[in-house]
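Below, chain A partners chain B and then partners chain C, in two separate complexes.
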Partner chain A sequence: MRKFLSGPWVLLLPTLIILTCVVLLPLLLSLWTSFTPFKLTKPDTLYRFVGFRNYERLIGDIDFWVAFGRTVLFLAIALNLELVFGLGIALLINKITYGQRTLRTLMMFPMMFSPILVGFQWKYIFNDNIGLLNNFLREFGVIQPIPWLVDGVLANISIMAAEIWSSTSVFAILLLAGLLGIPKDPLEAARVDGCNSWQVFKNITLPFLMPFVFIAMTIRSLDVARAYDIVQMMTGGGPAKRTELLWTLISRTGYVDAKMGMANAMSYISIFLSIAFTFFFFYKLMQSRQQLSYE
Partner chain B sequence: MLRLFLSLILAATFFGSFSAKAETELWGDFSGVTLRVKLIGGGQYEGLYNEVIPWWEENTGGKIEIVTQKNHFELDKEIKKDIASGNLDFCVASNHTSFASQYGDIYTDLNDIMPASVLADYTPLILDHSTVNGRLVQMPRHSDVSNLYYQKSLYENADNKANFKAEYGYELTPPETWDQVKDQSIFFSNPPDFYGTQYVGKEEAIAGRFYELVIANGGALFDEDYRPIFNSDAGVEALQWFIDLYNAKAVPEGVLNYLWDDTGLGFASGTIAMNLDWAGWAGFFNDPENSKVAGDIGLVRAPMGSGGLRTGWSGSHSFSMTESCPDKEAAASFLWALTSNKAQMIEARGGLSPTRPAIWDAIIAEKKAEGDEFMLMVFETFKMSLAEDAFTPPLIPEWIEFTNALYPELQAAILGDKSPEDALATASKKATEIMEDAGYF
Partner chain C sequence: MSKKQFQNILIWTSAIILIILIMTPGLWVVLTAFRPQVDVMAKPPVWIPRNLSFNQFETMLFGGSEGSMGRSPVPVLSYLYNSIVISFTSTFVAVLVGTIGGYGFARHNFKFKNGYFLMIMLTRTIPGISLSLPIFILFSKIGIIDTHFGIILVFVALNIPFTVWLTDGFFRQIPRAMSEVAMTDGCTKLQAFWHIELPLSKSGIASAGIFAFLISWNEYALVSNLARSTDSKTLTVGLMDFTAQFTINWPGMCALAVFIIIPALILTFLVQKHLVSGLTFGGVKG
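Then we have the complex of A and B:
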């Protein structure tokens, strides 16, 4: 007991209390609700324990698993494309000697828009009737309007385009920070030894950048796995669930249908997705750091 | 009897412009009282608050604090969260007849608060629709039903008349049935420049449109025990109507992402021949500043389905008072003010349909006096439609949840992912689960 009341624990106590109040208790409460038929409009249902009924229903709910699978696919494609574009932008800006600061600021503009605004903006761009893109294409002879937000593949690509436009700069900024931190000596030594640009990039720049890549991947995977605003604004998960992601489904279940118990059960299953991605990227981060230290 | 009613005055109406029957007014001295209110926001709703709130504050000495002002779907979410957290620290909130039954007993039974003479000023049927489990939980603000707007010049064009008759074998006149709407929409369409019609394509909106067509075709959504019965001939026929128009490209291809603003702005853009829409759009459609079809608009009552009934999905925007409100007298007075003759006349001038018979007479008289033929046609059409065609959706707490189960299946059938029968069978199965969970059977 005396040990617990000694210096370090007493100093940690405020943090522990705050974390318990703002993180642990809400988590426990939401976990509890996932074992109840809790409806927002019927607060009494919070106290009715139904065991694993919500989870059992979800296991057999094909709509949920399709949304789960689509979220994984969406995450994988969006993250990789953001990485490629972000890396490209960072490499280009790193080469610039004049106006780099201005460009770095400009690059962050998309991040400054609220996701809801981004959703509205891209919904208008992709509108089949009055949208900018179809009207632009008409000028080039594409007479039949393309149903960007209706066709299953095109609608997902459209949403991905909005997501990538809005967040590629996160990758670019982090990777640019990595590029600026790379020591010049190995780069110069490689060039003296006759390496071409690709060899320098592949064998020196990229290994140095990999920790930054995995940090960016971890941050963005958590963001994208929770993608909601942009999707909700552009398609609302439709039409016919063609763009339904986990969080559009969870939000509708929890706040519109008011079935918060079921929505929280969905959330707890989806948390495994985020944990899996985070674990994978941290594992890769450790590996890349170890590799760097060996070299 | 509440203190308020000591100040209840049977006053002569304050409208100089018409002589409707005397209105019962609910004033009182509410100095020092502040009412916290949560209101629906948006262009067509906020004008009322700008006029009525200062008027009420000036006459009562009370104050209004607007806590929230947002669109109805966001407000609905907020109130559900308030119920869950037990944080009902407001007195008055916007409501809707389609939403009210979800909120349990958080709202006061106004039968116990409002004098019978006040309630007598409203249309009795609308008060019925505002009643949940025998409790009058809302004062109706304005009612909604949809009628068919169309571009008049298309029907006056001699070539159109001749070509249509040659192709379909009957005269081109504004449609009386939904089959005629389909024929004429296909006839007028010239995608991607011009479409015969359009429909709202998602969420409660398309579910409501499907519902009214099922009724018009002689079907129903539920039986007496609330077992789903829309997977029927009437249901399949209704869904097939949406599918046929979509496949014929008689509606824009992105229509399944459309909600009310999209269809309203679409008609105003001049690229749509016919548009089933609410009364509140009439002024906008006929305003040359906003609309390319201004001056060229006709309006007919919503057409009939195969069952000989007209579509008439209807509901009323309203205001409710919480049970937890500490100043119920003041809140009752404010509810009255928000739905009073003065308030309803303000909204009627913008094209909204009043819930007081006296205001129908007043606005029609006013438009006649002004010689505003268009708005006169609008009010006369909507008055008849609300009296003869209007019906509400099932006033049950599960309505929104049910529509969320139904609409993706309707969309799947329209897009050809499923047959109408398969889509309705799946929706019916989900609806059965919802109603079972809710304890209906």
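Then we have the complex of A and C:
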């Protein structure tokens, strides 16, 4: 007993108990549910085992694969653009000496915003009738209102804009921290040796920034599913499912259609997707850290 | 004009465009909350508000007097109360539990330590909506759906991993020798922790607390399915409810959104220092 009290377990126990109760047990339940035809309206279906039937149906379900593909594509485009914009903003703020702190503080503004709030404000801006954007365009002679959230392609672009607005600052802040931490000596040495700005950036700044890029990616990949809130608020997956992401599909199947078994099968696939994203970037982070320490 | 001057103008122009892009959406929502409905709906648009009013806030709190739509008061005070209680309680508990856990990881070696650590982190990657399905079933069964307790419990679990990660990093930076010296001088282990290690990792714990609070305050996917009534609905859920319901009343909805924006604004300016150190620290030193 004494040994137990002075060991690590007494410290870790509260953490482990809470996570087991609130995450692990529910996940086991949802794994079981995904093998049943459980519907909220018929409680006893929870105890009927049907094997892989839900998963088999998912494999043949076009709607599911379209949503899945759109989610992956959406994440790939959004994360890359966020990285590029974030890098640009970080380089810009790094150049500014006067008022740098104020700018950095302003940069954090979107990070504090709830995704639901981000969705709301962009829904308002993109509103075809009274939205800021269409009113603004009207001043330049675009009298015919553009249906930002009604047209399928435009709706996807609008959602992407909201997503990028809310998450670019994570990249900007982290990359700026990286830029500020670059030792000055190699930069000056390179300049003396006659490197131009692009060569300095490519050969010194960028390799040094890589760990920061992957930290930002890892942190971001933890909460990619927050895009659910934005989509739910802006379009609810519509018009005609053209902005449906994996997460809105899960929510609709589970809560609106009450098909909990099927929704849980889908959500297992989404969990693996999230874990894969996180693992990939975390692995890259470890690799780039090792590279830095070798050099 | 010299090349240097040109460069400066370019930099400042981009900086100003950047600030406009960042600030406009939020400011526009806040401004709309104080504008009369007629102005918001006007065609051609009215850019400079002719008059500002608190009408929307009055309507929201006490019900509408305009009569046109027979608006009843929005239970915004219940939402606000729920948000405050749930966010503060879950932040406090998560930081308490997570800090103890982080200390355990930083100061002890045991079998499969990295495995446990990774497991704890991985719980954080599970999408909220996926986690909400089984928790919904479970909480309905044991009857804690639509209660503060249930939602706080979920938020605590949501916030523990990041707290463990951050505090573990900060504790590891403090040399063990410091508490060892204190213990040879007659301190107990607990006293050494309380008087030496805890104060030294204050800023790490502070940033963990800020993150936890923000995540709780902003969460939607989980709470929207676990909260069924004004007993436990938070501001984010309220905003969604009323956007779906009154698609016409933009200024009213903006007034509700202001309640969510204010803490975000205050936090931004209060804690920016902690935020950067917290974010970069765990990642870089790892």
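Keep this in mind: the second predicted complex is superposed on the first by the 257 of 295 C-alpha atoms of A that agree within 3 Å, B and C clash if a C-alpha of one lies under 4 Å from a C-alpha of the other, contacts with A are read in each partner's own complex, and residues count from 1 in each chain.
Going forward, a residue touches a chain if its C-beta (ideal position, glycine included) is under 8 Å from a C-beta of that chain, and two chains touch if they have at least 3 such contacts.
Quick caveat, the model's predicted, so the values are computed rather than measured.
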Putting chain B and chain C on the same copy of chain A, do they fit or clash?
-> clash
With the two complexes superposed on chain A, say which partner A:239 touches: chain B (first), chain C (second), both, or neither.
-> first
Using the touch definition from the top, say if A:42 reaches chain B (first), chain C (second), both or neither.
-> first
Of the partners chain B and chain C, which touch A:280 in the superposed model: first, second, both, neither?
-> neither
Which superposed partner A:55 touches (first chain B, second chain C, both, neither) | neither
Per the overlay, which chain contacts more chain A residues, chain B or chain C?
-> C
Please work out whether A:201 is in contact with chain B alone, chain C alone, both, or neither, and reply first, second, both or neither.
-> neither
Could you tell me if A:150 is touching chain B, chain C, both of them or neither one (first, second, both, neither)?
-> first
Partner chain(s) touched by A:255 [first = chain B, second = chain C, both, neither] | both
Does the superposition put A:128 against chain B (first), chain C (second), both, or neither?
-> first
Steric overlap of chain B with chain C in the superposed model, located at which of 26-34, 80-88, 98-106 or 206-214 = 80-88
Which chain A residues contact chain B in one complex and chain C in the other?
-> 123, 127, 130, 255, 260
Chain C partner, complex, touching residues on chain A are 6-9, 11-12, 14-16, 18-19, 21-27, 29-30, 33, 46, 89, 92-93, 95-96, 103-118, 120-125, 127, 130, 132, 135, 138-139, 165, 169-170, 173-174, 177-178, 211-212, 215, 218-219, 221-222, 224-226, 228-229, 232-233, 247, 250-251, 254-255, 260, 263-264, 267-268, 270-271, 274-275, 277-278, 285, 289
Residues of chain C touching chain A in the complex | 11-12, 14-15, 18-19, 21-26, 28-29, 32, 40-41, 44-45, 97-98, 100-101, 103-105, 107-108, 110, 116, 120, 122-131, 133-138, 153-154, 156-157, 160-161, 164, 189, 214, 217-221, 225, 236, 239-240, 243, 250, 253-254, 257, 260-261, 264-265, 267-269, 272, 275-276, 279-280, 283-284, 286
Chain A partner, complex, touching residues on chain B are 73, 76-77, 80-81, 83-84, 86, 102-104, 191-192, 201-203, 252-254, 256-257, 266, 269, 271, 397, 400-401, 404, 407-409, 411-412, 414-415, 417, 437
Spell out the part of chain A that touches chain B in their complex, as residue ranges.
-> 37-38, 40-43, 123, 127-130, 134, 143-145, 147-150, 235-236, 238-241, 252, 255-260
